[in-house]
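Alright, structures below, take your time with them.
Below, chain A partners chain B and then partners chain C, in two separate complexes.
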Partner chain A sequence: MSDYRVLPGPEHFLPPAAASMGIRLPNPGEAHINGVITSEDKAYEEAARQFLMAKVPTVFPGPLVLWAWNEKAAKKATAVRHLFNTLKECVQPGQKPMLIPMPDYRPKYPKINPEVEINPNHPNLTIWHNKIDCCMFIGVHCHQANLSLKIIRGGTSCYTIAMCAQAGHEDAMLSFRDASVEKIMRLADTVKRLKGTVQPRLTSAKNGASS
Partner chain B sequence: MADTHSIIGTKNKKGQTYTDTWKMMNEAPRTPSFYTGSEVIKEAIRRASCDVMIAYPITPQSEAAALIGELFAEGYIGDYFRGESEFAVMSQCAGAAFGGARVFTTTAGPGTMRAMENFPMWSGARLPIQMIVTCRGINSPLSIQPDTLEIAYLLNTGMLVWHAETAQDFFDWILKGYIVSEEPDVHLPLALCCDGFFVTHTKDVVNLTPADMCLPPYDPYRSPVPCMDMECPPVRMMRDPFVMKSNYISYATHASWQQEIWAAVERSRKHTIHWLNGLVDTENTDADIVIVASGTAVSQGREAIRMLEDEGVRCGLVKVKSLRPWPEEEIRQATKNAKHIFVPEFNVTGWLAKEIRATVPNSQRVHAGPHVCGGMTMPPEIIVSEIKTALGMKTFSMAGRGS
Partner chain C sequence: MSKERIQISEALYDIMPSDYQDLVKSATYGKEDRGWKDIGTSKELIEQHSLCAGCPESMAFRYILASLPNPEDTVMVGSTGCTSLVFPMVAVHNIHSLFGNQNAIASGLKRALGVRFPGRVKDVVVLAGDGATVDIGLDMTLQAWFRQEKFTTICFDNELYANTGGQESGLMQKGFVAKMAPVGKLFDKVRLPEIARESGCHYVVNCTVSKPSLVEKVIRNAVHVAREIGPTYLQLYTPCILEIGKNSMEGLQEMRDSEKPTERFAYKEYISEPAKQLLAELAAKDKERKAAAKQLAGQASA
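Right, the complex of A and B next:
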């Protein structure tokens, strides 16, 4: 097994792809935390804990759940909204959950407004502007998600979670695979169950941005 | 869009049953058939639920391409045509794959070289196209004969690269290749190479899966990039790309993009091991002498090992099946006991020996050879002779043979 661990950055001028450092994706029924394969049960607990600890826990929904291109996508979108609402209910004063869409992958020039949307090619701008210290990708095409996750790890200290509908993401610090409505709802339930048991970080988000 | 699992057991328009690939390849009855490699390509594609096949004639792949035309006439392929050149063919393959089709093509030698610009584009765009490369000479003066030099150029394109030894490998790996390269965490093109003529134009007994079973169709909605969206990279990046902006993040994004392609090659390792039963096959790796080879050089090495055994010299064998992903750890393990590692190759530069030298500790153990190229055959006697010379044993010379 690789000694490399997928940890919050800022890691490097050009951090390596975790896969090329020997990190392997989980098999069905598994997840990974920091690049170490673990049970899904543990991953739900850790993801919920990270959300509840964060000053700005953020969900980044991508086009696969933002557009009602099939029935499953519409149901997932509802589940994502439920997760966000649960986060809002469960955090303490001073914490500010956000829901920031990644509606498409177009390079936007002269610039996107990083306050209101996230672009996979410039994710650090959105992280920095909004002082996001924990985020979850869902419904983002795997290639684009990997680009973003790696750039975030390279330049910020944001804790990244991937709720992937396919095989998962090594470049996230925590990744589920085969995401479904049930899995999103279970994560929301775990957040609710852990409400009040996790001490939030009270200092400013350590994301490499000036406060 | 139907879920792949719901399609299993249903029939296509030719009456073939979409079959679970593991069952089809490992549990279904096999029929021994006496076919050329080109005919085997046709039989594999008959079972591959292929949407589009495009090719341009170049020896020695022309026969396979023509035979697949027959499949089109019979209704097994969705679309089939000849491009204007190999460059055009590979671009057209990209177009079809962007649109969500399962795509197949064949090429060889100078055709591969002419089309080369497309291969990193395929990888960068995450297009799981399968390309058969029936290797032949690429240099001037013209040679249509077997020579594997073109594989060296494919190794850094970001494609998966497998090297078949036999027609049986070819049949199985064409079908398994689609499954590996279409995995969403891989989703890369596959160059499935063989030594032209030796494999394509000789007949061999090949065990075929039932013709009424076929692969489940490609599901483009599992792609890691949006399928055919002119507003999004990788398509739109050609128009106003982040790569054309001169700033740190644009370069970093492009760098991350490249890293992601090679990460996907790495991810293919687990799937390739699963489907090919390992990236290498090994025999007698406890021996002091080990031959490491790919393609038909493996067959010649196997025969040389048999001849050496008759003289009391014990040799091991490593058959390298996958060149990308590269079986680094497997080769290290398989050669850890070897005092001498011989790498017979059908090319002038010895690219496989260079890869192995860069992989194993104490690389002075690696003997880069014997080499033949330009269409020469590799009699097992010259492998025997190379090994015996290195061991200080008496050997005869084949120099002057044929004069």
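Right, the complex of A and C next:
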């Protein structure tokens, strides 16, 4: 097993792909935390804890849930909204949950508006602008998610979670696999259950994403 | 085809940037008689772009995107150049090809779409600059025409390599001195419209984009002929105002000056016999449809 750990950055300008450092993807029913394979139960707890600790916990829904291209996608979108609403209910004063879409993968010139969207080619802009210190990707195609997760790890201190519908993301600090409506709802339930038990990082000098 | 296919998930509708909401609400996907007159009353298929202020290429993009007869089932193939800065802001499927490869990519794409969607009309439109079409990609351009590939090739002719500072291109006028071509062009502008005709294109037009109604007509004709008969080619003058020493407001006048009867962009059109027949049939059908619609409107108001 690799000694490499997928940790919040900023790692450096071109962080290695975690796969090239020996990090492997979880099997069905598993997840990974920092590149170490773990049970899904533990991952729900950790993801919920990270959300509740963060000053600006953020969900980034991608095109696969933003567009109702089939019934399942629309249901997942409803679950994502439920998770965000739960986060809003469970955070303490001073914490600011956000829901920012990734509607397009193409690099936008002259610029994106980081207040309203995130782009996989420069996700750091949105993270820096909104001082996001924990985020979750959902409904983003694998290759674009991997690209973004690496850029975020390279240039920010943001904690990244991937709620992946396929085999998971080794470049995220925490990754689920086979994402479903039930899994998103379970994460929301875990956030609700841990409400009040986690101390937010509001006073830390290092909170928020750094450049 | 219609915009029913592209709904935003209701639960996340409010967080979608407004340009995407507008595309779903009021873009003209699926509208049968869409055209440049929709500009201003519906969402255009082009968002903020990074072309220079007053760039005629941006006008051309707006008119072309407003005029495509079937945008929801159209794939555009672009190439390196100023156009490649615009495609990320275009709400039509598009592929960026390697410099000059656009007609080869489009050939494969058109065939693959025919296999994948046998019962559906899928249009392919190449849009590239003069460097990609006439210099670096001339081989691919001509070979696609020789093979009678059924797609439209549009060349945005600004008569030099504008994106890289003004180098000489094959479509530059003889004697023209550019920033990066100080000696002046030593030979004539390549006569690609004539070459296109001789290479098997069924509909060829050489014009400027000063008149939106004209752009609409030639785009619709070119796409319809390409869909049914064979390759079509449009050479549209989109001058680079920076590289020819003009101001932002002078692009339109430059095009008007260049389309006078004795100038190099005087309107020239070639239509093959099968294409003439097809366009006549389409015009007759259109006339019938409009007459029927008028009659229906008259009955409704009576």
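Here is the rule we use: the second predicted complex is superposed on the first by the 203 of 211 C-alpha atoms of A that agree within 3 Å, B and C clash if a C-alpha of one lies under 4 Å from a C-alpha of the other, contacts with A are read in each partner's own complex, and residues count from 1 in each chain.
Going forward, a residue touches a chain if its C-beta (ideal position, glycine included) is under 8 Å from a C-beta of that chain, and two chains touch if they have at least 3 such contacts.
Given the structure is predicted, the values throughout are model-derived calculations rather than measurements.
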| item | value |
| --- | --- |
| First, second, both or neither for A:Leu147, with chain B first and chain C second | first |
| Chain A: partner with more touched residues, chain B or chain C | B |
| First (chain B), second (chain C), both or neither touched by A:Gln166 | first |
| Touched partner set for A:Asp178, first chain B, second chain C, both or neither | neither |
| Chain B versus chain C as contact partner of A:Asn124, first or second or both or neither | first |
| Partner chain(s) touched by A:Asp189 [first = chain B, second = chain C, both, neither] | neither |
| Which superposed partner A:Arg106 touches (first chain B, second chain C, both, neither) | both |
| Contacts of A:Arg24 with chain B and chain C, given as first, second, both or neither | first |
| First (chain B), second (chain C), both or neither touched by A:Pro61 | second |
| Interface residues of chain A shared between complexes with chain B and chain C | 104, 106-107, 109 |
| Chain A residues within the chain C interface of the complex | 61, 65-68, 73-74, 77-78, 80-81, 99-101, 103-104, 106-110, 113, 116-117 |
| Sites on chain B touched by chain A in the complex | 1, 126, 183-185, 187, 222-226, 231-233, 236-237, 240-242, 245, 249-250, 252-253, 255-257, 259-260, 262-264, 266-267, 270 |
| Chain A-facing residues of chain C, complex | 6-12, 15-17, 20, 48-50, 85, 87-89 |
| Chain A residues touching chain B - in the complex, by the definition given at the top | 14, 16-20, 24-25, 63, 70, 104-107, 109, 121-122, 124, 141-144, 146-147, 150-151, 154, 166-168, 170-171 |
